[in-house]
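Okay, so subunit A shows up in both of these, paired with subunit B first and subunit C after.
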Partner chain A sequence: MSENLSETLSVLILLSSFVLMANKRISSYIKSFRIQSMLIALAAGVMGVRSLLDEGRWDILIVCILIVVLKVIYIPGLLNRTYASVRYRVEKDFILNIPILVLVCCGLVVFSYFTLASIDGSSQGMSNMQLVNSISVIWIGLFFMISRKKALGQIIGFLVIENGLYITAMLATQGMPFIVDLGIFIDLVTFVLIMGMLTFRINDQFDSIDTDQLNNLKG
Partner chain B sequence: MKDCTPGRIGNEAMNSIAYIIIQLIVTLLAAPLVGGLIKKVKALTQKRKGAPVLQMYFDLYKLLQKTSVVSEVSSWIYKAAPYIVFATALTGALLVPVSTKIVPVLIPGDFIMLVSILALGRFFMMAAALDTASTFGGMGSSREAMISSLIEPSILVALFTVGLLSGSTSLPRMMQTVQVTGFPFAHPVYMMVGLALLIIIIAETSRIPVDDPSTHLELTMVHEAMILEYSGRHLALLEYGAAVKQLVFVTLFVNIFIPHDQLIPFMGFGAVILSLLLYLLKVVLMAVVIALIEVNTVKFKLFSIPNLAALSFILAFLGILQFFILGGYHV
Partner chain C sequence: MGFLLLVIPIIALLLLFILKPKRLQHLVSVSSAVLLLIIAAILTHNVILYGAIAYSWLGGFFYLDALSMMILDIVLTIGLMAAIFSIGYLEEEVRQDKLPAPKIRLYYMLMVTFIFTMILALTVKNMGLMWIAIEATTLASAFLVGFYNNRYALEAAWKYVIICSVGIAVALLGIILLHLSSAGILESGSFLDWTALYANAASLKSSVLRLAFIFILVGFGTKAGLAPMHTWLPDAHSQAPSPISAMLSGVLLNSAMYGIIRTTAIVNHNQGSSSFTGRLLIAIGILSIATAAIFILTQKDYKRLLAYSSIEHMGIIAVAIGIFTPLSIFGGLLHMINHSLTKSMLFLSAGNIMQKYDTKQIFKIKGILKTLPVSGTVFLLGLFAIAGTPPFNVFASEFSITAAIFNQSSLWVGMVFILLLAAVFAGIAVTLFKMFYGEPDSTEAAAAKTGEINILGTICLVILLAAVTVGGVYLPETVRELIIQAQGIILGTI
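Presenting the complex of A and B:
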């Protein structure tokens, strides 16, 4: 049952990144990112309960609480505050139309399946499927980052890549050492703070957070 | 021919005839109910009293008694289309069992045939709308052609996925396989396909994010624009056909994703009755769900519909992908 639950969660996490890709507005990006983080916290919770029952380890459950505090409450709140203060007129900011973006993402899932299948010794069956899903989340985050023009969209793309890396690491190792998790979280908070600050600066300088306008800096 | 004993042929034929009769009666009686329920639930959420649930039966009865007005510049397609639409909807209904306790023996056909038959009806509806050369007809036809061509791939991919899981393209077999699974929505593949089919049902039955069934507004109508010229008996047949088609899709969804026949341990006449009652309960539930989706969304503009279609195609495709990544894992 818990095996089935964790594979359902891994599919839902993949699906939430597709939903993120199909969104048009920055406020919905933040909402989708929050949902994805909730799903990841849930997956960590399932894994944490299992490791607590089997081996008596508490650390994955603590990490789960940290994910809830940081990625579900703090970082989306911070992004919402940034978004409220640099609000601009036009919100649609993608380079291709949405059906094509989503279809390319689908291609990325197939791609990550074939890359994973070509690795010798990659495990078959369930964990293989979960690995494919979480690696696809990384690819989709990267693609999200390059398909959006506004700085806030790119921050969220980075956060999705990070989510994908985190879930891949968690599935592959059944729980990383606690100190590594803490290091990743501290890095993440620093990154978001710096990027938020930078977004304010870009907005001050150019009256917009469209990163295409940074091309004006060329001599 | 010589080793078929008369008794067995008689049994199978009786079984099939009983199936056809029960299937037709249930479908014909329950089809207008779904639309009425959806309207009632929508009215209740808006603090209105709303029309009675049985309103569509009264409308159909009234329309059937009136004569049809037919434009004199129209061709035979205009007059034939209502009958073809109704007949294809009923034939489609025969392919989707309401209860797997009675299984057809002599009716061949699978979901590919179901999709093709419904497409035939839709083709004649679009052709008839173009026939009288009114402005709204052409507009409705072009919109319907766009929506249906976007939605059709995802129906086929979604149903192919369920077919792969059950190892058969026949709809009764698919439904019987799901009954062994228990709770399909916990299984990732079924979950994806189920969500895809939910979007497909909404698009196919002209529900709100795609088309607004309750208005005759020039900007929004798709299905209404095509049947705007019809009146009397022809209109009744077209409306009834649309209702039957809606019930066919709802049946497909509820019988694949909320299986109920495994709960009935005994066989025979009582089992069929109990199964049909449970089926009607599921249809009511589904109608409430569709109504709640309709209340909570706004109508998309026409050029946003490809996004919805892309999402449903992706869901179905991810379902089939997860199936292959699982490595032909049968539930």
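Presenting the complex of A and C:
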């Protein structure tokens, strides 16, 4: 039963990154990111309960609570506040049109399927398809960063990469050592704080948070 | 004893937070750097005598062996030089109204955090924790890169954090795959533990491990400034305050390289040969040297030129690790030390030049040797040293790497390598040496009176120059012993 559940969740997480890619407004990026984090917290919760019942380990459940506190509540709230104070006249933000972006994302999923299919031993522990899904989330996050011009879009792209990495670690290897997870969370929060502050300063200096304007240093 | 390495920066951070007066701030920064260096010297002695240092408490995460000790020594030595140089540098910046005086405190706090994260990266044996510490180095230095808070500095800081964080995220994927390759082989207590991975390398899953290596090479390679992921480096190095540029170049790049070296050792041990990692490392190394050569030839900004030269030298180290013979590893490790000393000396003297002339443009500067007799001389000799002229130390290590390439009978690699080094030499000669000739303009001479500005910093420069020169002809026995032990760890002969 729980096998099926985590299979479903991994597909839903992949789907949420497609939804993110199809967003046009910065405020809806933050919503999509929040939904994706909720799904990841759910997946961690399922896994945590299972490991608690089987082996009596509490650490995955603690991580699950941390995900809820940080990625579902704190970081989206922080991004919303940043967004509210640097609101730009045109809030639509994408370079190519949406159907093409989504098609490229499909291509990325196929790409990760073929990379992983040729590797023997990658299906260790969990089924191979979940690994394909979660690694696709990483590539889609990376592609999202490239396809958006505003500073906030790039921050969210990075957070999606981080989500993808987390879910890969969880599904492929039953979680990293607890202390590593903890450290990654600390890094993540610091990253968001620093990037938020830099966004403010860029907004002050350039009167916009369009990263296309950051092109003075060359050669 | 080893834990003091991690405790002292934290105490220093607290003191910097409490103590407001400028003098005390300078004092705390320098004295913590001195203390760290003394402890490192004692630890180095212990490592040489007894091999690795590991403590069982705190989950056994603290671990130092000859390889990490060697790089840690570089970090702390350059850290001390940068701390001493910062005093005069910051006072001058405040005097010239480029920085408000209260920002000195922020500068020191960030710098101590930066050093702390680098110490952490080098003293843990868990690859996951090492990753966290290396990511933390980016975050700690982000505001140092953007310290001047103008358009250019902010652009550099933004690029620096975004590119390095994404790169390092790719490295995390590699580390997850490394973890996956050991599934079912390691006990849960030793997950991602470098020593355990290395000891069981033969039974790890080769195909997953190869994939992991590619991701780790790309990820940490971004941080180490290897082409084509180097694009953040010239911006960050040219915009940061000079003592920070010296630390970024001389220290930070080595810490990232250290991650690559550790992984290479595991993968080669698993594969039984170095042909897989070797090809990748040599290719990426040669590409870095070539990229740097092109940009050095056409460079107009001397700090950017020095940054490109760092990319070149990281490429040389990557090639040396890729060849993977005892001689090339020895040369590569020695080159790390030599490059760090020489490059930080150059960045520090470039800081003096920049404060005197108030420009980074090469063509606006004339007659350095007249206006800045000591810094100018150090800069000139440093340029010869970094280009690899004897008798300086970079020549010695480049020579052993070249010899190792030809011993390995990779004739083509060797020829391309030498040609590119020659091109870099020519590039430095053509672009930079015009700064030394000519008379300083009369108007400029009025503004920039002759004489040094940063006396303490200039003494540091002279010490570094002495080390660079002596290192070319004579290698102290302790250093040699440390490098040979580190070489044994990488090659698996100890």
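FYI, the second predicted complex is superposed on the first by the 212 of 219 C-alpha atoms of A that agree within 3 Å, B and C clash if a C-alpha of one lies under 4 Å from a C-alpha of the other, contacts with A are read in each partner's own complex, and residues count from 1 in each chain.
Convention: contacts are C-beta pairs under 8 Å (C-beta built on N, C-alpha and C of every residue); 3 or more make two chains touch, one makes a residue touch a chain.
These numbers come from a predicted model, not from an experiment.
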| item | value |
| --- | --- |
| Three-chain arrangement built on subunit A, subunit B and subunit C clash or fit | fit |
| First (subunit B), second (subunit C), both or neither touched by A:I179 | second |
| Touching partner for A:V132 - first (subunit B), second (subunit C), both, neither | first |
| Partner chain in contact with A:L15 - subunit B first, subunit C second, else both or neither | first |
| First (subunit B), second (subunit C), both or neither touched by A:M145 | second |
| Which superposed partner A:D54 touches (first subunit B, second subunit C, both, neither) | neither |
| First, second, both or neither for A:V109, with subunit B first and subunit C second | first |
| Subunit C versus subunit B, contacts on subunit A by residue | C |
| Touching partner for A:P99 - first (subunit B), second (subunit C), both, neither | first |
| Minimum Cα separation, subunit C to subunit B, after superposition on A (Å) | 19 |
| Subunit C-contacting residues of subunit A that also contact subunit B | 124-125 |
| Footprint of subunit A on subunit B - complex, ascending | 186-188, 191-192, 306-307, 309-311, 314-315, 317-318, 321-322, 325-327, 329 |
| In the complex with subunit C, residue positions of subunit A that touch it | 115, 119-122, 124-125, 135, 138, 142, 145, 151, 154, 158, 161-162, 165, 168-169, 172-173, 176-177, 179-180, 183-184, 186-187, 190-191, 194-195, 198, 201-202, 205-206, 211, 214-217, 219 |
| Complex contacts: residues of subunit A adjacent to subunit B | 4-5, 7-8, 10-11, 14-15, 18-19, 22, 98-99, 102-103, 105-106, 109-110, 113, 124-126, 128-129, 132 |
| In the complex, subunit C residues that touch subunit A | 59, 61, 126, 128-129, 131-132, 135-136, 139, 142-143, 146, 149-152, 154-159, 161-162, 165-166, 169, 172-173, 176-177, 179-181, 183-184, 188, 191-192, 205, 207-208, 211, 234-235, 238-239, 295, 298-301, 304 |
